[in-house]
Amino acid sequence: MSPLLTIMTLLLSIAMIGGAWVAIRSFSLPMAILAAGLVSLLASVMFLILAAPDVAMTEAAIGSGLTTFLFFFVLGRVKGGEDD
Amino acid sequence: MVLIVMSTGFLLILMGLYGSLTNRNILRMIVSFTVTNTGVNLVLISVGYMPGRTAPILDETVAVSEVAQRIIDPVPQALVLTAIVIGVGVTALMLAYAYRLYETKGTLDISQFTELKW
Amino acid sequence: MVSPLVLLGTPLGMAFLLGMLQNRWRFASYGITLLTMTCMSLFSADWVLGFASGSLVATDFSTAGAPPPFAISLRMSLTEASLILLVNLAGLFSTLYLKEELLRIGRRGMAVLLIDIMALCGIILTRDIFNLFVFFELVVISTGGLVLLSDDQRAPSAGFKYLIVSQLISVLLLIGIIFAYHSTGTLNIDGMAAASLGLLKGGALAFFLILIAVISELKPFPANGWALDIYESAHPAFSAIFSAAASSAALFAVAKLLPMGGESWLPVVSSIGLVSFLAANLFALCQENDRRLLGYSSIAQTGLVLVVIGQQDILGERYLFIAGGILLAHAVAKAGLYWLSGLLSNRHLTAWTVLRQSPLLLFAFISFIALLVGLPPFPGFYAKWELVHLLAQEGRLAILGLVLLGALVEAGYLFRWFGKVVKRSDGGEEAAVFSVAPIKTLVVFAAVAGGWSLGYLWGQLSLFDNILHTIPVLFALGFLLLERFPVWLKNSLAIVGLVSYYLISYPAYDPMQLIFGTVILIGGGVILLASYSVSGRRMGFYPSAMLMFAGLSLLIEAKDSFHFFVAWELLTIGSYFLILRGKQSEPHALSYLVFSLGGAFLILAGFALAAEGVELFPLSSLSQVTADKAPWVFILLAVGFMTKTASVGLHIWLPGAHAEAETDVSPMVSGILLKAGLYGLVVLLLGMGKQQLYGVELTHVMLWIGALSALLGNLMAVFQEDAKRLLAYSSIGQMGYALFGLALMNHLGWLMALMFVINHYIYKSMLFLSVGGVAKRTGTRLMYQMGGLITLMPLSFIAVLIGIIAVSGVPPLSGFGGRWIFYNAILTAEYRLPIILIFLAGPIAFLYLFRLIHTLFLGQLKDEHRQIKEAPFWLIVPQMIFVACLMAFALVPGVALRRFDLYLNQFFPQGGLNWEGVSITSQFGYWSPVSIMVVVMVIFASLLGWLIFVNRKAQKVKQFNMVFAAERPYRPETTHFAWNFFAPYKKALGFLIQPLATRFWGMVMDLLHTSADLTRRFYTGNGQTYAIHLLAFVVVVYLFSMGSL
Amino acid sequence: MIKRFFVLALLFAMGLLFTDLLLSYTPDTELNSTALYYANHTAKDLGAANIVTAIIVSYRGLDTLGEVTVLFLSAAILVLVLPKGWRRGKRKPRILPSTGELLGTGSHLLVPLILLLGVYLFVNGHLTPGGGFQGGAIIASAALLLLLTNPLQPFSRHLFSVVESIAGLCFVVIGLLGIVYAGGFLDNRLLPIGQLGELFSAGTMPILYSLIGLKVGAEFSSMLINLSETKDS
Amino acid sequence: MNFEWIQIPYSLLTLFIVINYGLLLNAFIAKIAARIGRRHGIHLFQNHIDLIKNYSLRTSITHGVMFYLGPVFRLGGGVGLLLFVPTLYGSEMFSNLSFSGDLILALYFVFFGALGMALGAGESGHPHAAIGVSRGLSQMTTAELPFALAVFSVSLQYQTLSITEIVSLQQGGFLNWTLFTNPLAVAAAMLSFLGSMMRPPFDVVLAPQEIPIGPPTEYHSSYLAMMQTNRTIFPIAKIVIYMNLFFGGAASWPVFFLKVFLIYMVSVFVGVVFPRFRVEQSIRWFLIYAVPLGILSILWV
């Protein structure tokens, strides 16, 4: 276990937590969705570090990519609802 | 390192839950749930991780004979794969529901959908 | 046998196939769906039969050609097979039921339905924990889809709430699974159990998470708001699946997982179940929406099964029988009720009154309710019996008590509902529509058939006899088939049945049974003569009446506690239906039922406590109950029986129930049914004798209760304005006498009690019949609205006259015999104080009896009654028979009593009577009924004769020759002499009859309702709040279980 | 505010629970029995190089079947959930701002490549990282790209459902054939397992994974299309 | 003790003696009361004359069957009560028909007449009748209670229910009387006695009859005669029971006449002293004063 890897993990973790904070508390809903996608993307990097390439690919493609788009499709339809 | 990832995972779960239980906007709740799901996936993977080993794929670097000493546990990875896909299925469904609810009331505030109670 | 994998694969494949079809081939899609469901049901039925016949053993099926721990495996055994049969049948019938909706929604909906059913089977079959998770998710998602089958606009919000909660659940489940895997190195449930997960480091926590997640799928209180919303808004056919199939599958999952955690988790599961059971039943009290009520009831029943699962450590090999009994009964009943609710357009409970248009549907309804409540002969009854016994055997009395309490509340609201359905007039503004859909109706009846066959099956499987094999019960049920025939036919058949059953069985009776048996069977036959006066078909009367008689006759034949209790329940139900038939009787029938069932549960608990694990506990072994338990058994049983005899404090059900019942029903329930309680007390006292608790002699307490009942019953009767109510209260008093006699625990006391059995039957039946006849003719039961009927209804008058002379104990009629024995009995009694109450009670009887005869038959004839005729012929016939009986019994009481007197010698050798010729001597005094009769008659006849002779030319004075006129006041009845007849008496003694008991029970009910109404408000309807509830539930259980483990 | 506080308290308790788990966790140093079995037997018995794939497609194939069913369900229910008027609006022709030359041309260029990548991923799923799910998602992204360039892009919904259903049916049928002709449900030894590392090896595994890929791709695409199709805006 | 035909004429003889004594007693008391009021009072045989006159009157009025039954029950009750109780102790001749039953029979037969009267009066359809009956019955329930308690106490004391035996156990000096061996029971019984004698202060029951159009107006001629006969017999029959139970009985007619007279006078004196009670007052009075005495007497034994 190289210290470099550990530091990277730590940084990633901090970034993810920050992202998650934005995702749950951000004023703007699109921002929140993007932040959630970002958390997902960072997670997939984490999965790579944790020697799980299959999962990493899936998370990147589905968790961060597809889901985000699903969100935006719906977001585009709910006028005025986003601020409730 | 594993512990860092795992605590991050747990923290994400808690944050996601907090978000989904305090945001009244349905879409925000769903966003929070995706954060939670990511956290769960992180925890799952970190449980299976073993330091100094490689991915459970046989290739040039991992010979069949020494595979048991070289790879990490493949099972959690398989589980997470399934979990991710199921998660996205549920998310999609919730999103569709969110729209349906929005259509009926013109709002996404969960506290407005309380005709059924008691 | 079809591999279970095919069972999962086929519906899945068909679902995929449906996805491919054209949208417009709707009927083809529906056909495929139906066919698939049918095949699945047949396949699983095949498995069940295979296991049941013993030709198969439990087998594991592995996948992927790898052995179980490494690949997912499925298990098939009898339990799994039965459950998937249940699931598939629920699916099949719901598919049939949903025909229109499915055709409207199209192939996608059908595919979702197929997958839902498949996933439920998967939950049952799989032995892999992650696979379990996958199937759970499938169920969640398909539920999310199927909720939309409903027309209800609110359904989507319910579905969304469910999705939110299921997200939480899946988080918990996944984390639990991965840590469990980490601890044990396997995902196989059996593997985890073998590695005893619960004991490993971190394993307990992991197991906790898994368990709590799966339990959350069971909608435990309080984390179940979402489920209620789904129940309320979803399509009933889906709710049927959701309640019957999904809950069963999840329950099985819990049962499957529990071995992983070890026995220490069982109490946790039990507690959760118990809390759910109680709370859900409590909340259901306040529900007005039918589907939501059913939802609460589902949650409660699931909780009950959870309790059973949590108690599996003591249930041993009966575990499956008990859990299965409750589970299957609930599933069938709930599915049936939901299907039934789909036939109605209005969601208010009272809208179900339209069911009255169809007797068959009404029968279905009551069958389902009986299934839910666990009345005999349904599986829940057998299951509850064994559960309670095993709990008592292991000393888990708190659980026992709470389970019975919950069951009582449940019976309360379900039967309240039934009462409303049968009796309420249709609501008015929103008259419910009642759709006649042959297929849907068929589906409902499939459930009915299922319920009854389960009842039969469980009877066969039980350790005891099958209730459905006993002749009286079959006879009663047979009347269901005869419902179309006219009354005279059914009535004759009923009388013949009663009498011939008596003729068959009386040689085997001992004198005690003989007295009760004669009163019940022959007495019942005589009262039934009065039923000839009813014309038409009289739907529902004969099955109920015969059920009551079946219960009564089985009761006196019972040799062991099981048969005794079965009979007790049967007669309770039968009489409930009978009482409910009265016009205004709905609330009274309900309180009768609730008190009776409460009493029955006490009896059940008493027997269970006494049995100590003996399977078939003979009643004669009551004497061998260990000393530390005996007083408690005594109290439980005695209070149970005293509920039936309406002893004071537990009496509030009686007046309404007896007074509001139909004319020929009142004598049955008063003259005959009350004797069941006395018989119970006789059995109890013969078996257990005197018991002491903390130095208090319990029979002494009974003595006081009896005396108080006699006094207060009589006193309350005095102040009634309603003639039948007056008679009803008088029954309380009379039963008090009998109870007093039994509690004296000496020879003459018992003789007196037995004499009361006969006497009370005769004169109370007679009085109820004649008063009923009068009420029928005049159209009122209020005494101040009657009067002067003597010339119009002379025969009824004679009956009442003889009746009241007999009741009051004035010589020469038979009532005096009772009093005479009574005085002799108390001379040897150990306790003197309660006797004073009895003394006071005696003359009070005069007051109400006089009022009865005076205000009905004497005084001024009312204008509107001038054209009244004598009561119908068939009402008079039994009355005249009773008059003859009273006379005969007064002259020669020895006919009935002598044998019994001898019989009593074996229990109380001291103090018997001497029967010499016509006179009867006791240790203190003597009595010669014949000479009294002769003397009185001679004096009477000579005086009367002379008077008639000297006044032979007298003319009758018209009544208006003596009435003075006055201004007609605003409330005319207040000036009538019969109104508030004993007003000064009330001023003096009114304080004694403050309705304390009524107030007390009213307060209990109010408290229950108010608390239920307040607490249920925490189901705010907000999905987020529900999620918080779930989280709070998890945390609370976590804190508790971690604290206790 | 009270609610928020309450939630925080609850989450704090949950946090304690998680901490408990965290503290009781010790990383394994050796593979546990299950993992060891997979490590030792996958190559030999199933002939797959990617153990995760072997687990997903074969050992835990039933899970995967459930998983694709989840997607199938979601896609099907999506149609049911979305309000009735959702699709009708598309009859009204709308004038949309042009999405731009670059995106239009780029997408036409990219879509075949993306599709190819997707297919490559799931065909090689048993050998390299990636497989049906990833490949399916990537195929769906091609559809997404087309949607983004032209929101009014006509898609043959029926084509998707046919692909989806046939893939699903084949999956089930192959699985069931395994019971008859091989060791059990979804046993990949229905076909010869061949040589480790070759494309046509590992029995039915590549076929199954491809079916999964097709199915997932079709389902994701139809989900995206269903959600994107507009009513009136 | 078995039935023999000779007992019938013996009983009738008892009846005859008691009727005559009763008529004279009533007239005597009326006379005393009149003299105290400085009036001349009735002739000593006035009651005889009235009775004979009434018996010989004819009426053409009836109110129905029950109307007949009123007096019949009433008088039947009085006669029966008298005949079921041995009049003279130790006399075969005057023990009447007491073989039919014991103390309990007497205790319950008291109600026979009351019941019949109530019914008969009711048949007249007159409201006052019902009012009188309801008052009477109300009062009776509590008035009889102390008596019942005393009877119970006495039978406990002597361990028998046979009146003859109770009397025989009181022989041998007046100190053996229950009056002295069980004073509480006697006290209770005597209070009850006041209530059942239809004299002040417990005669509000009769009030409706005092109104000119009350039941006696309807019951006239031979009906009235029968009721008058009963008025004569019944108090004495009751006093006989008291005498037997509490005052050592009577072995000969003179003792009998004396004891009956004295016991009767108790109620007369009390009646002169106290004003009328209302019904609820008398009920309370019995419950408060008489019943506790009865209870004590039972506990005492």
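The first chain written gets the first letter, and so on, giving A, B, C, D and E; residue counts start at 1 in each chain.
By our rule, a residue touches a chain if its C-beta (ideal position, glycine included) is under 8 Å from a C-beta of that chain, and two chains touch if they have at least 3 such contacts.
These figures come from a predicted structure and were not determined experimentally.
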Chain grouping by contact, computed as though chain C were missing: A, B, D | E
item: Longest centre-to-centre distance from chain D, chain (CA-based); value: E
item: Chain occupying the most central position, where position means C-alpha average; value: C
item: Pair of chains joined by more contacts [C-beta pairs], A-D or B-D; value: B-D
item: Most distant chain from chain C, judged by the mean position of its C-alpha atoms; value: A
item: Cα-centroid distance, chain A relative to chain D, in whole angstrom; value: 19
item: Geometric centre distance via CA averages, chain E-chain A, whole Å; value: 107
item: CA centroid of chain C to CA centroid of chain D, Å; value: 54
item: Chain centre separation in whole Å, for chain B relative to chain A (CA means); value: 10
item: For chain D, residues contacting two or more additional chains; value: 3, 7, 11, 14, 18, 21, 25, 28, 32, 34-35, 38, 50, 52, 60, 63, 66-67, 70, 73-74, 77, 81, 129, 133, 223, 227
item: Sites on chain C at which at least two other chains make contact; value: 130, 134, 137, 141, 144-145, 156, 175, 179, 182, 187, 1028, 1031
item: Every chain pair in contact, whichever chains are involved; value: A-B, A-D, B-C, B-D, C-D, C-E
item: Of all residues in chain D, those that touch chain A in their complex; value: 50, 52-53, 121, 129-131, 133-134, 137-138, 140-141, 144, 220, 223-224, 227-228, 230-231, 233
item: In the complex, chain C residues that touch chain B; value: 130, 134, 137, 140-141, 144-145, 153-154, 156-161, 163-164, 166-168, 170-171, 174-175, 177-179, 181-182, 187, 225, 228-229, 232-233, 286, 1016-1017, 1019-1024, 1027-1028, 1031
item: Complex contacts: residues of chain D adjacent to chain C; value: 3, 6-7, 10-11, 13-14, 17-18, 20-21, 24-26, 28, 32-35, 37-38, 41, 45, 58-63, 65-67, 69-70, 72-74, 76-77, 79-81, 158, 161-162, 164-166, 168-169, 172-173, 175-176, 178-179, 182-189
item: Contacting residues of chain D [partner chain B, same complex]; value: 3-4, 7-8, 11, 14-15, 18-19, 21-22, 25, 27-29, 31-32, 34-36, 38-40, 42-44, 49-52, 55-56, 60, 63-64, 66-68, 70-71, 73-74, 77-78, 81-83, 86, 127-129, 133, 196-197, 216, 223, 227
item: Complex contact set, residues of chain C against chain E; value: 788, 790-791, 801, 805, 808-811, 816, 819-820, 823-824, 826-827, 832-833, 835-836, 839-840, 842-844, 846-847, 850-851, 853-854, 858-860, 919, 922, 924-928, 931-932, 935-936, 939-940, 943-944, 947-948, 950-951, 953-957, 959, 962-964, 977-978, 981-982, 984-985, 987-989
